[in-house]
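Next come two complexes built around subunit A: one with subunit B, the other with subunit C.
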Partner chain A sequence: MNASYIARSGAVASRILDGEMVIMSAVDSTLFSLNEVATVVWQAADGCTPLSEIVTLRICAQFDVSPNEARADAEAFVEELARHGILLVSDRPMVGVSPHASENS
Partner chain B sequence: MGAVLSPAVSGATPIDASQCGSINVEIGGISVRLVTKDPGFCYMIEQRYAGFLNSLAQPDYEFALHIAPPPAEAPEEDARVFRNGRVWHFERGDFRAEWDARTRQGWVRQSPNPYSIDTVLRIAHSLVLADEGGFLLHAASAVRNERAFLFAGISGAGKTTMARLAPPDATVLTDEISYVRRSGPHYRAYGTPFAGELARVGANMSAPLDTLFFLVQGPVNRIEPISQIAAARELLRHTLFFAHDPEMVKQVFHSAIEFVSRVKVARLIFTPDVRAWELVR
Partner chain C sequence: MSLMQELNRKALRLGVPLSVHLDLTYRCNERCEHCYLDHQDLGEMTTAELQSVLQQLASAGVFFLTMSGGEPLVRQDCFELIEYARALRFNVKLKTNAILIGEREAKRLRTLGVEQIQVSVYSHRPEVHDGITKVQGSLVRTLDGIRLLRSHDLKVTIANVLMRNNFQDADGVRALAQDLGAHYSLDPTITPMIDGDRSVLRYRMPASELPGLFHNPNLVGDVESFCAPPSPVDDDVREGLPCSAGHTSCYISPYGDLYPCVQFPLPCGNVRRQSFLEIWQSSAQLAEVRSIRGKDLSTCSSCTHLGTCTRCPGLAFMEGNMRGPSIADCEKSFARTGIPSKNLEAKRASSMGPAGAQGLIQIQGVAIAPVVGTVPRAEASSART
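Let's look at the complex of A and B:
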């Protein structure tokens, strides 16, 4: 995996509903609901933590999944949300991008 | 409220509110004063919103109406609603309007038809409601046993049918656009004059909201549970929000999530006859 950093876009609204993360794009009103693993990635997407670290320290630590499988799932998820402008991806840390982008409750 | 309204565009002259007709249209407890120099249009508004007029109300908002000849060509299109600073702009082929959310005043330039002002009112109310966690919904609604029930669905799903089949002990609030206000953890549904196929204004009353049903026609009447996420998705699909403003989209999203977290939501599978109402009590 290349060193990549992910950050939540500011143009989204998100909430936990019924145990699942629900995200709406404020740009095109598309609605997403995330599974447990994707929710962990989403919540960790602070622009400063490398995706590889999120996979190792968060996903593999919390779920019964192999590193290779977790990495592949995370990359697919990131690619999908990045395509919709929900996640921002960079090869360097994005300071000050994410902290208030999500309004979880 | 100030007497002189000053439209910020050329071609629309200020109206002195003290010298022309003004009508307070009160929907959902929110009063909008419409000011016009045109007596014919004034009469039309009075007829259209009869039952929702309150001349004694202190207006919450005010629009000066500038009646112009119909445009040579008014293509059918959706209204465009956008914000420039604190001023909202509403535009469609048949009207233009501006509305200052801070001063609570605005103007509308339109031809003498009822549909333009009707749309302006719907937009204005949707913006006001969004600020407080409420919304307008493509739904019929009715009050029974002092509680309100909403029946949401796409065109053809059965909104008008449910309104038409309402039993004598139910009062129809609307067959087309439901009006939902939030007060703390509670929601209340209000009658609206925004009519659908029944072409009949709703009753000007309100009641605490009991259940939101999403209508699905089927062979047997039954109520089916729906997950909160599916409910939120459906609710957002049927909510009227004209403004594709990112902050407004976020507000509507959070309102929908709050609503489905606090209010009963279910699918009502029904055959289009009066027996469907046996499930709505």
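Let's look at the complex of A and C:
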């Protein structure tokens, strides 16, 4: 996996409902419902933590999943949300991109 | 089942208020003749009070937030409140007449990530629109505002309330919306004033004109589907909920009063005196609203339209009984399908005199019911219910 950093777009609405994150893009009004694992990735997308670290320290540590599987799933998830402009992806840390560092509600 | 339906179902199961309509003010820079509000400021919530309410709503799980009025932009702190709401990650929809939208305001709304802006337009003809708003030049200013919003790629819905003096202009407003790149929705609903005064109902569109409206493909899309005869009523319908009001949505006035819906003025509590969640979870009035199922409705429970009628419990409440029919919706169902509702049949029977029957559509003194058709939005999985 290339070193990549992910940050939540400011142009979305989000809310946790029953442990799962609901997101709606203000750009194209697309609605997403994230499962428990994807919710953890979303909450960790602060622009400063490498995706590889999120996979290792958050996903593999909390869920019964192999590192390879977790990495593949995380990359596919990030790619899909990035396509809709929901997640921003960069090969460098992004400072001040994600206006709401805490994303727990 | 769409993702939105799934979301609503989950919210219903969990008792989460998914959507809240929050009026920031009743003050307005227009004086629309049919408006259901008194435009005096009788003690609006302060910035701090509204911020506290927004925090409580976010904690309670509210996702869709409609900020409206009156004209919300007459509040000096309107953008501060929108920014606060967006920081709490609400999906924000703003209802405005767009008169106060300039380049700076449009840009700010885009930057803040407001998802949608709804603007009322009554006619494509200035003399008709301005005649309704009682503000000379208001159509030009409103359209200028919409153009600025669209230039910043903001999604705009033109809400076309249809009344006695403008229903002939629906096609014109529809075309105008298309030219502006805006969505279009029409609504022949005129509701009594929030204090119960029914005098504004004189502006309602004649019921005799509803069939023409509902059979116009430019306005409702697939006429065959829209005007299809009602489906057979089954147990799911009889056990079903009348609408989301009080179940997954509610309304909060500028004074903190909480109602099931903006069209359902049943006071359930006040967020200045109690927490939002306390009212949402403990209000006896909300409990009563939530207890009602299709099978509990007087008259409507045995009506063939039960499963497809747009019956509004709030309008029924304003007509005297939240479990009763909303006559305006009976008229709509009849205008769509040509099949009279149980309630209309009963009224026809009771009005039959020696000289013969009165026409069904001559029933007067009621409001016309809610939105009847909207242009589909480009949504992958976000059809709102």
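What we mean here is this: the second predicted complex is superposed on the first by the 100 of 105 C-alpha atoms of A that agree within 3 Å, B and C clash if a C-alpha of one lies under 4 Å from a C-alpha of the other, contacts with A are read in each partner's own complex, and residues count from 1 in each chain.
FYI, a contact is a pair of C-beta atoms (placed from the backbone, for glycine too) under 8 Å apart; a residue touches a chain by one contact, two chains touch by 3 or more.
Note that the coordinates shown come from a computational prediction; the quantities given were computed from them, not determined experimentally.
Could you check whether subunit B and subunit C clash or fit when both are placed on subunit A?
clash
Of the two partner chains, subunit B (first) and subunit C (second), which one does A:17 touch, if any: first, second, both, or neither?
both
Mind telling me which of the two, subunit B or subunit C, contacts the most residues of subunit A?
Touching more residues of subunit A than the other partner does is C.
Under the stated touch criterion, which partner chain does A:30 make contact with: subunit B (first), subunit C (second), both, or neither?
A:30: touches subunit C, not subunit B.
Look at A:76 in the shared chain and tell me whether it touches subunit B only, subunit C only, both, or neither; answer first, second, both or neither.
A:76 contacts neither subunit B nor subunit C.
According to the stated criteria, A:95 is in contact with first (subunit B), second (subunit C), both, or neither; which is it?
Once the two structures are laid over each other on A, A:95 reaches no partner at all.
Check the residue A:61 against both partner chains and state whether it touches subunit B (first), subunit C (second), both, or neither.
After superposing on A, A:61 lies clear of both subunit B and subunit C.
Which parts of subunit A are touched by subunit B and by subunit C alike?
11-13, 15, 17-18, 22, 24, 26-27, 29, 31, 33, 103
Help me check something: in the complex, which residues belonging to subunit C touch subunit A?
3-4, 6-7, 10-11, 14, 16, 58-59, 61-63, 86-92, 113-116, 153, 155, 377-382
Quick check: in the complex, which residue numbers of subunit B touch subunit A?
Where subunit B meets subunit A, its residues are 227-229, 232-233, 236, 244, 246-247, 249-250, 253-254, 257, 260-261.
Could you pull out which subunit A residues touch subunit B in their complex?
Subunit A reaches subunit B through residues 11-13, 15, 17-18, 20, 22, 24-27, 29, 31, 33, 103.
Once bound in the complex, which stretches of subunit A touch subunit C?
Contacts found on subunit A: 10-18, 22, 24, 26-33, 99-100, 103, 105.
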